[in-house]
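In what follows, subunit A forms one complex with subunit B and a second complex with subunit C.
Up next is the complex of A and B:
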């Protein structure tokens, strides 16, 4: 009973943190996924230089742990007189990570579009840009969507690393309560449950979505 | 199971063993064979004092493979008196508490402040020294009034966090550690940083900041009563905490504590803790 009353007392603070986590996640995805699409397209252009530069960006973004990216954006940019607050810095860092990862997911989706459809469009004299706009990108995105949704869940969890920048997101609020009460395990359990409230239904959603997309295969 | 998977498992085992061995460190045993323990306390591991070391200079830190800092130096003397060698591993505050509570370690170090809520979870040692709320800034702020309307920062876990957050018109940012706080002041995101005196001394080394003890003010409780620090023990091992408290009292009496404090930039007055209290 004592645990429940503690959880009740801590909930408002943790919920305000959860709201920050959700905002950071949503903005990072909103910025990062279109960037990822751009990178996916750039990685298959004719120009070798552009392709190589794009691949370097993607590999650095994928290879660098998100926490290092966060620290570099937050503490590194002031060296170049660019001072971002913790919220903006988190969104920028996670958007960069998102773009690098999702570019590969989207690229795989675009490649999965049957060649026959592109050849048919070419035969009909449809312009290359229109082939991309109306055939390849929409279909490739649809193929990539379940994986992207799974990645979105991952980014919500990764957003917890922003506690290192002093951003008052969910984990930061949990640590804050833990620091004053020393009931770290109890408060971290509650924070974990709050993450689950979003990630578990999110997981179900992805699963259902995948089933719907593959209905025609059964 | 084929040869390749066996090789793979072997490789993983070797790597895991190497990683695990890197997770803890034992300072070379200086315990003489004929060492007579002062009280003969029991510890988690026989003959060894297992320490959860939070990296919070100047209270506790790792230096050259050994524990260092004010709390660490006191603990090193204690281990020597009890004929114990020291094994330590780096912990965060959030992991050091359960580790102590669950008797995975004998003691946790890191300039912990003594509060009632904390005393319910672990055994706090008797007060060791005072750590006054200090503010460091380019301007040399020293009063709460001077901080009003400014953007200020402090570190999570201090007793004054909520009071600072309640200051009208003042934005208080809270950081997970002193280093992040100091970095943000340097980056220009903050007007002033508030930390314990010892941590402020470390953070301002080689920098052009002025450290001031924040003047007494009713709006920030900690300015009225300086925080007493403690190290944390497993609540089930009262013999261990009692033995340490006895030695700490002796060190205060004979001046050894003042010498340790001075070595880390704290004034002799920090050893005058007054009556034991929980806030």
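Up next is the complex of A and C:
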């Protein structure tokens, strides 16, 4: 019973932290996914130089741990007189990470659009840009959607690393409650449960969605 | 140069944490994957719940629960031990799902045929289904190893002196904001890239002859 009343007492603070986590996650996806689409398109242009530079950016973004990206943006950029607050720095870093990861997801989606459709569109005399805009990108996105949703859940998890920048997100709030009450186990467990309440049903949703999209295959 | 060597000197700790957690995860994932296919619904549901919890809590939160939570009220443990336990358990959840994918890829006929030959359940799993499932699972396992390598950077937050910890210290003491992180990033990429290439190569090689 004491646990429940403690949890009730800490909830407002933790929920305000969760709200920050959700905000940075949503903003990072909102900025990162369009960037990812841009990178996916750039990685298939004719110019070799552009292609190689894009690939390097993607490999670096995916190969670097998110915590390195976060700290690099927050502690590194001030050297160039770019000082970001922890919220902005988190959004910038997670957007960069998101763009690198989602570019690969979107690229796979675009590749899965049957060649015949592009040929058919070409044969109809539709302009290259319109073929991309109206035929390849919408279908490719649809194919990539379940994987993108799965990635969104992952980014919420990654946002907990913004704790290291002092961003008052869920983990920061839980940790400081722990530090002042010494009930670390209880409060951190509550934080863990709050993440689970989003990630587990989110995972089911993705699974369901995947099944629905591949129904025609079975 | 000095900075580079300092960060490089922490690589063994990162590799140690990564590899030991991976090994623990690879073992613990076996009963979890088996549980997902158990004849009893209650075992299946429980295994799924454990896997969901292990995969659903952010790794840094999970490690905080173990280190600060369990560590302050049940047993006091060394940051390295807590890290390996935490990352090992998380790996078990992810690897169990990778194993499951491998098991699903083995045609049901293989199981039926071995049963028809009168082989025991244990023999079937060890000699017929297991090796085939493993083949399918290997590229996924290598991909998880790369993720784990990167995730191991979070154990710097509880004081394990690995790449990220040393990097942070260097950034603070030298006043060089950017360089230490660039070096750390490069080191992670240098370790991860060959693994990624290996995973792609294995995927090509092991899927050969599996179609149709």
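Convention: the second predicted complex is superposed on the first by the 218 of 218 C-alpha atoms of A that agree within 3 Å, B and C clash if a C-alpha of one lies under 4 Å from a C-alpha of the other, contacts with A are read in each partner's own complex, and residues count from 1 in each chain.
As a working rule, contacts are C-beta pairs under 8 Å (C-beta built on N, C-alpha and C of every residue); 3 or more make two chains touch, one makes a residue touch a chain.
All values derive from a computational prediction rather than experimental measurement.
After superposition on subunit A, the partners subunit B and subunit C are seen to clash. When both complexes are overlaid on chain A, the residue A:176 reaches subunit B alone and has no touch with subunit C.
Of the two partner chains placed around the shared chain by superposition, neither subunit B nor subunit C is touched by A:49.
Once the two complexes are overlaid on the shared chain, A:85 sits against subunit B while remaining clear of subunit C. Once the two complexes are laid over each other on the shared chain, residue contacts for A:4 go to neither subunit B nor subunit C. In the superposition on chain A, A:75 makes contact with both subunit B and subunit C. Once the two complexes are overlaid on the shared chain, A:185 sits against subunit B and subunit C alike. Counted by residues of subunit A touched, the larger count belongs to C, out of subunit B and subunit C. Using the contact criterion defined above for the overlaid structures, shared-chain residue A:129 touches neither subunit B nor subunit C, since it reaches no partner. By the touch criterion defined above, A:165 lies against subunit B but remains apart from subunit C after alignment on the C-alpha atoms of chain A.
By the touch criterion defined above, A:199 lies against subunit C but remains apart from subunit B after alignment on the C-alpha atoms of chain A.
Note on the chain A alignment: of 42-50, 60-68, 96-104 or 114-122, the part of subunit B that runs into subunit C is 96-104.
Comparing the two interfaces of subunit A, the one with subunit B and the one with subunit C have residues 75, 78, 163-164, 175, 178, 182, 184-185, 188 in common. Against subunit C, in their complex, subunit A makes its touches with residues 59-60, 63-69, 71-72, 75-80, 156-161, 163-164, 170-171, 174-175, 178, 182, 184-186, 188-189, 191-192, 195-196, 199-200, 203. Only residues 93-95, 97-98, 115, 117-118, 120-122, 153, 156-157, 161, 173-176, 180, 183-184, 186-189 of subunit B touch subunit A when the two sit together in their complex. In the complex of the two chains, the subunit A residues touching subunit B come out as 75, 78, 83, 85-86, 163-166, 168, 172, 175-176, 178-185, 188.
If you check the complex, the residues on subunit C that touch subunit A are 52-53, 55-62, 64-65, 68-74, 150-151, 153-154, 156-157, 164, 167-168, 171, 176-178, 181-182, 184-185, 188-189, 192-193, 196.
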